[in-house]
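Below you'll find the structures, each written out as structure tokens.
In what follows, subunit A forms one complex with subunit B and a second complex with subunit C.
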Partner chain A sequence: MNLANLHLLLPEIFVLSMACVILLVDAYWRKCLHGIAYQLSQATLVGALLFTAFISVKEPVIALSGTFVWDSMAKVLKLFIYVITFTVFLYSRQYLIDRNLFKGEFFVLGLFAMAGMMVMVSAHHFLTLYLGLELLSLSLYAMVAMHRDSAQASEAAMKYFVLGALASGMLLYGMSIIYGLTGSLDLTTIAGVIAENKIEPMLLKFGLVFILIGLAFKLGAVPFHMWLPDVYQGAPTAVTLFISSAPKLAAFAMLMRLLVEGLGSLNVDWQGMLLFLSVLSMALGNIVAIAQTNVKRMLAYSTISHVGFLLLGMLTAKEAGYAAAMFYTMVYTLMSLGAFGLLLLLSHAGFEAENLNDFKGLNRRQPWYALIMMIVVLSMAGVPPMLGFWAKWSVLSQVVAGGFMWLAVLAVLFSVIGAFYYLRIIKLMYFDAPTDNAPVLKPSADIHWALTLNGMVILVLGVLPESLMTVCRVALS
Partner chain B sequence: MVQFIFYLFATVLIFAAVRVITVKNPVHAALHLVLAFFSMAAIWLLLEAEFLAIALVLVYVGAVMVLFLFVVMMLDINVATVSEGFTRYLSSGFLVGLLILLEMVAVVGSHHFGLKAMPAPTPMAADAVVNTVLLGNVLYTEYVYPFELAAIILLVAMVAAIALVMRPKRWSKYVKPEDQVVVKAQDRLTMVKMTAEKES
Partner chain C sequence: MENIYLTIVLAPLIGAIIAGLFSVSRQTAHRITVTGVALSCLLSVYVFKLMVLDGAKPFDGAVYTWLASGNIQFEIGFLIDSLSAVMMVVVTFVSLMVHIYTIGYMADDEHIWPHDSLSAKNSYQRFFSYISLFTFSMLTLVMSNNFLQLFFGWEAVGLVSYLLIGFWFHRETAVYANLKAFLVNRVGDFGFLLGIAAIFLYFGNLHYADVFSNADALAHITIQILPNQEWSLMSVICILLFIGAMGKSAQVPLHVWLPDSMEGPTPISALIHAATMVTAGIFMVSRMSPLYELSETALSFILVIGALTALFMGFLGLVQNDIKRVVAYSTLSQLGYMTVALGASAYNAAIFHLMTHAFFKSLLFLGAGSVIIAMHHEQDMRKMGGLRKYLPITYWTSLIGSLALIGFPMFSGFFSKDAIIEAVHHAERAGAGFAYFAVVAGVFITALYSFRMFFLVFHGKERMDKHTREHLHEPANVVTWPLIALAVPSVVIGAIALGPMLYQGLFHNVIFIAEAHNPFPMAHYQGVWGFLIHGLTQWPFFLAMAGVATAATLYWRGFTHIPAQIQARLSWLHTLLVNKYGFDDFNEKVFAGGSRALGIFLWQVGDVKLIDNGMVNGSANTVGRIAQKIRHVQTGYLYHYAFAMIIGLLFLLGWFVHAA
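Presenting the complex of A and B:
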């Protein structure tokens, strides 16, 4: 047994042990220490952040018999995942208290889901990749179903579970085919065996197709997107916020590990498949979103279109393209945090802000939050100087550099179509009179400042995007 | 001989698997699933994976399916609503399934996976190290990380099941003396003024 580099796993070990501690503490002292699970979870995230930040290894290290890898991409993505999860828990607190969902289980399952993401991000083996994915998905299914008295949430959880199981089946079948052909589960070995060109390419493609279908299901790319709008709409908004943010980073890492590190020499094959998925996602996501009146559903379709953009960066099959895709994913999670965070803030006990009309006249009631929402929405639409513009720009410039001029034109075209429904929110907030006399909300100070910071990050990084871009470029080089 | 046993169990396996989804009675479906697991275990034995075969029988047939049967018997499943739409989607589903099957056979059929392309491994000598020892050697050493992760997934399943199903006991009525002593007469009885109503 080789435990030489066990210290690289300290963040994972810490998070998982703390999740078990929180489980016990919450079971026994739930009554006398109110909200202890929440505080401990946040402390865990801060602790994991410190552990990860202090591990400084220059070269990629593969530990534990090839099942675990530590490289700069894993480090950056993990740090980002902690920050995102911390913010998700913070935004969700008031919403959960109002709906009687403020229980230890929510935070424990959230931590377990995050541990799954960490495993996926630094997986170097089909087994760990799959187990990390299952750990993440199982926790998410339970979180969606947590609001037991809501029929909508149960239905969403059911759909998510069944389709998620189907996707896992596809992924596993593809992995088993590749394993059968190469005789290894280790990504480096697989890449080495494939590079020798001794295996019939048709069979490798066969395995690749199934792996890609599984990935597309998990990402929510068209035509494997059917679960996404229903789950986003049906789940409690706090859970939707979680699903739409941090797991996308893990999904990006999974794409990188499987397609680039494992099956990198098949790039000619997966480029075409990703092209197909990407164009369809951008088209359907942007066009169908126009017809939605439910904001959560609309943002779900917007997610689909953003996934299309992410895949655009991947399909260039170059390092700069991957860096652009990583940058896009990070920016997307920031914007999604902002949008769903505001939805959470506008909801209060007995009222769920989820229709477009709930935004009517927000400027007159709450000018500050209307401003933040405007920043987020403009960023999603890709209007300069917001961060979203630079994300789109970096992906598109790589697509053009890769020689897919027509694809870039198509992507811009769909973005322009998408701008319509983003701008409609701004119109509702600023130019329409409020329909209901909803009370002026007074969120607690930490949520207020977190949201403000969220908006400011999108604005300030939009003016100075180079720092985050450099981080992505360095992480992948 | 081995070939004959393989085809026998493979036929039983396919038959049982088809019956699991076509049979009307859910108890029968569960029993067919048991049969499917059992034939699968027999095929694994032919592959000299005796530990896995026995684990499949012990864990799935012995524990999981028995629990499953209990659940199925306790639930009042309405067969009519479950199988609703079965015939409606049968033709198109059958066509799509057949198409996928044909395509898959074309790729992974005997042309690429036949004995010529992938020769059968030589069987191990009778006195070689047994399956269980080999598994035990790597499970806690080489695969310790995936092993721990699998354990965590089981823990998540447990937490999720409890979080989704357990409800605090609301039906138990108990006395709270500290509330009783501060109660006032008007808390117990409220007088409501109402206008007299006449029968029309």
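Presenting the complex of A and C:
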């Protein structure tokens, strides 16, 4: 094994080592150093951020005998993942304390999951990719089940685990077929062999379908989405927040690595498959969300519809389309953070804010959070000048440029249907009277400001969207 | 020179803005607006001197490019020639008189408003602001050198007219009247706008000079608006533009708004609804004479419409009891005369009558206003009578106005009206015979209703109540001076302008009349005395005298019981006239009622049922039902979930792998 360029792995190594350290520290000093795991985790994230930020490599570098790649997409996505995870931990703190879950396990599992994401983002080899994916998935299964007295959570974890295993199996099966056909696990080599056109295309497609199913499961695209509403609803909201945000970025990276870098020559085939997944996801996500009364479940369907949109960008099979999809994913994680962050904030000891009715009259009780929620929700619906509008716009403009006018029209129609359930939240917050005498919550200052910042970012970047778009465009060029 | 033209237009606008938007005192408001209009008037007289007396070359140029789109320039520009100079002087002079008069007329306006009305506090300033704004609008209209600016002025005068008719908006009748004026003018303006659009479509330009110079080239083009119907382009354009004029200049059947517009204060009835705005249509057609001369059809149409208005609106003046409404119907009838002149290709005679009419009709209106002030805003002539000794100045000036109106020899109306009748007499186009009959018969009617009013108001028994009688006195100087100032041109302007305007080519190269159509060739000119002597031997003169005599017998001395008997005998005729031939009822039922019914239909069926319940709520309900169905796919059973994944897998394999 070639150990040159090992320094490119510093962030991963750092995060993993710190996760082990935190595990130990938490095991021995949990009692006397209250909250040490949380603080150390946040410090780890800041450290990883610094490490990553200071690694500057102009050209993409492939290290460790072709298993690991460092390019600008990896860098941008990793930085974004740190920030998202940091915010997730921050938002979750009070919620976990209220439910007696504020233990080292949450943060350690979170860090392991993040390490998995980092490996996925930088994977250049079927094995590393699979390794990263499993590290992420296993951690998430455990996190969902963390609240072990909750039957709902255990059920969700069970479903997630079984279905996840099924999907992993299919992915692995697909990978082995491709390996059998090309004789390599290295993405560059695979791409090279396929480009020679010597392999029976039907066999390649056979492998491709299985790989795609693995990806679709991870993203939650219809019909491989079934786990998503149950897990979102069943898991503790803090975990839902985590699942719904950073892993989507990793999943996007996995799409890029597998489909574009590895199987790029098969784009005609996967375009059609993505089209199928995308249309179904947008349709089912937007329509079924309308019938939901549970906000977490509704947001789960909303996620499915967003995944449909993200796939729209991918299926153009052009660099600008990938950039639009990446932009969409990043924007989606920001909005998801805001929405679930507010759910966390509105929950308190003995009370889960998860029904639509909990939003009734929020404007009278807590006008500032109602405003932030409104910004987030409008952004999800794609109303200008929020960031979500530009996300939809950039994807749609690529779809139109790619010649899929009917698809763009369809996507807009589904967005219109989707606007209903988003706007309903605003109606509940601003026009309905509060049902109960819920206490006016005073969250700690850091959460308050983080949420405020979250909302403002969606608004301000919505007014000036060019910077984030440019980042995505540069990252993929 | 451009600065002078700009000043003429902008001085009233600045006055209007200051009086209207800055909360100035009443005194400041009238001072500033009167100064602005006086300045315009003086400069207009100067321009008139240059253009008409010194014969300077016409000015045609842009002062500002508003918009450039492709090769088309939309400009603010002026065309100053003898026609616009005449109009400018008439407009600014009458406007100045009305401004001064208003100081007296509106002096105690706040008593007219309800006690608690906030609008009463600045109604005086607002009124001055409006009439100054009107002067600005009217000047942009007459000074324009292109159709776009013409349209702007056209709409702006319409707006001010709307605002002023409804000036006392606490009165339901005033609101009704201004809405009516607005709606009826929309009909006319729609035609006008279509006409302008047609010009733009075929000429590719909105500049007068370019359009006129290309008119001959397009004279024989025909267009198909309805399938298989070839229409002359020029006729279509001219008739469309004239429909605009019919709205603005109140020609049958778009005349219905003008009598109701008397709901506005009297000064604006004089300024807008007698002297200036309503003549905008006459001015416009005269300005477009190079186009109209190319369409015999359009001219015949104009001739017939004008004749109908001239005769039948005169009849209505006979049965009115409201002093202002008599004058209003008289205005309609006189506008009909002008329109007849246009139809007879006697554009110069129309402008001539427009000018004389502006003076004597505003004089009559202001005289009526003076009576109304003296009578404490009582307008019913049945409650007047014998006012001669209380209001001597008003009496004499009104007499002058009435004589000018009926065309008494040597008064201004005599020349202009006879010129029109002569022109129609010589015209040889379809409808000329009827038009000649209408304008000649109209002379008798005019004399009859004018002097009916005159005798009812100033002579005979004093029919007002005791309280009013005790307070009768001549209004303030600001009211009477304008009367005198208007009485002078009402007498003399006809004799002065007759030669230059009709025969000696004042409008040479401005108003274009085909040689075959010209009713006033220079060779026929025999001087003012010749014209007068010729006039004294013609039917109109005798008919006018007969009209005065009849009025005197029926309403002053002699057989004053006769009108009541006639009314009883011919009650159907009286009813017909009182109902104004049923135009209002027809409009109310068919157009207003029809539009309302259509609106209700579209609302109930189209909007509520089809769009709201069908499309909007219907699609939403459908989506909701689908959502309720699909959500049951999510059963919660793990094996269902796994099964869904397998189905997805099989589908993808089946479709994409097998299809290859």
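Keep in mind that, in the parts below, the second predicted complex is superposed on the first by the 476 of 477 C-alpha atoms of A that agree within 3 Å, B and C clash if a C-alpha of one lies under 4 Å from a C-alpha of the other, contacts with A are read in each partner's own complex, and residues count from 1 in each chain.
Everything that follows uses one rule, which is that a contact is a pair of C-beta atoms (placed from the backbone, for glycine too) under 8 Å apart; a residue touches a chain by one contact, two chains touch by 3 or more.
Quick caveat: nothing in here was measured; it's all calculated off a predicted structure.
With both structures placed on the common chain, the touch criterion links A:M273 to subunit C but leaves subunit B unconnected.
With both structures placed on the common chain, the touch criterion links A:I417 to subunit C but leaves subunit B unconnected. In the superposition on chain A, contact of A:L163 is made with subunit C only, not with subunit B.
Legend: residue contacts after superposition of the two complexes on their common chain; A:M175 is shown touching neither subunit B nor subunit C.
Once chain A of one complex is fitted onto chain A of the other, the partner contacts of A:A142 are limited to subunit B, with no touch recorded for subunit C. Judged by the touch definition given at the top, the superposed model places A:M202 against both subunit B and subunit C.
By the touch criterion defined above, A:V76 lies against neither subunit B nor subunit C after alignment on the C-alpha atoms of chain A.
Of the two partner chains, subunit C is the only one that A:L212 touches; subunit B does not reach it.
Shared contact residues of subunit A with subunit B and subunit C: 202, 206.
The residues of subunit A lying in touch with subunit C in their complex are 158-159, 162-163, 166-167, 170, 201-202, 205-206, 209-210, 212-213, 216-217, 223-224, 226-227, 229-230, 269, 272-273, 276, 284, 287-292, 417, 420.
Those residues of subunit A lying in contact with subunit B across their complex are 1, 9, 16, 20, 23, 64-65, 67-68, 103, 105, 108-109, 112, 115, 119, 125, 127-128, 131-132, 134-135, 138-139, 141-142, 145-146, 148, 177, 200, 202-203, 206.
Of all residues in subunit C, those touching subunit A in their complex are 620, 623-624, 626-628, 630-631, 634, 636, 638, 640-642, 644-645, 647-649, 652-653, 655-657, 660.
By the touch criterion stated above, subunit B contacts subunit A in their complex at residues 104, 107-108, 112, 140-146, 149-150, 152-153, 155-157, 159-160, 162-164.
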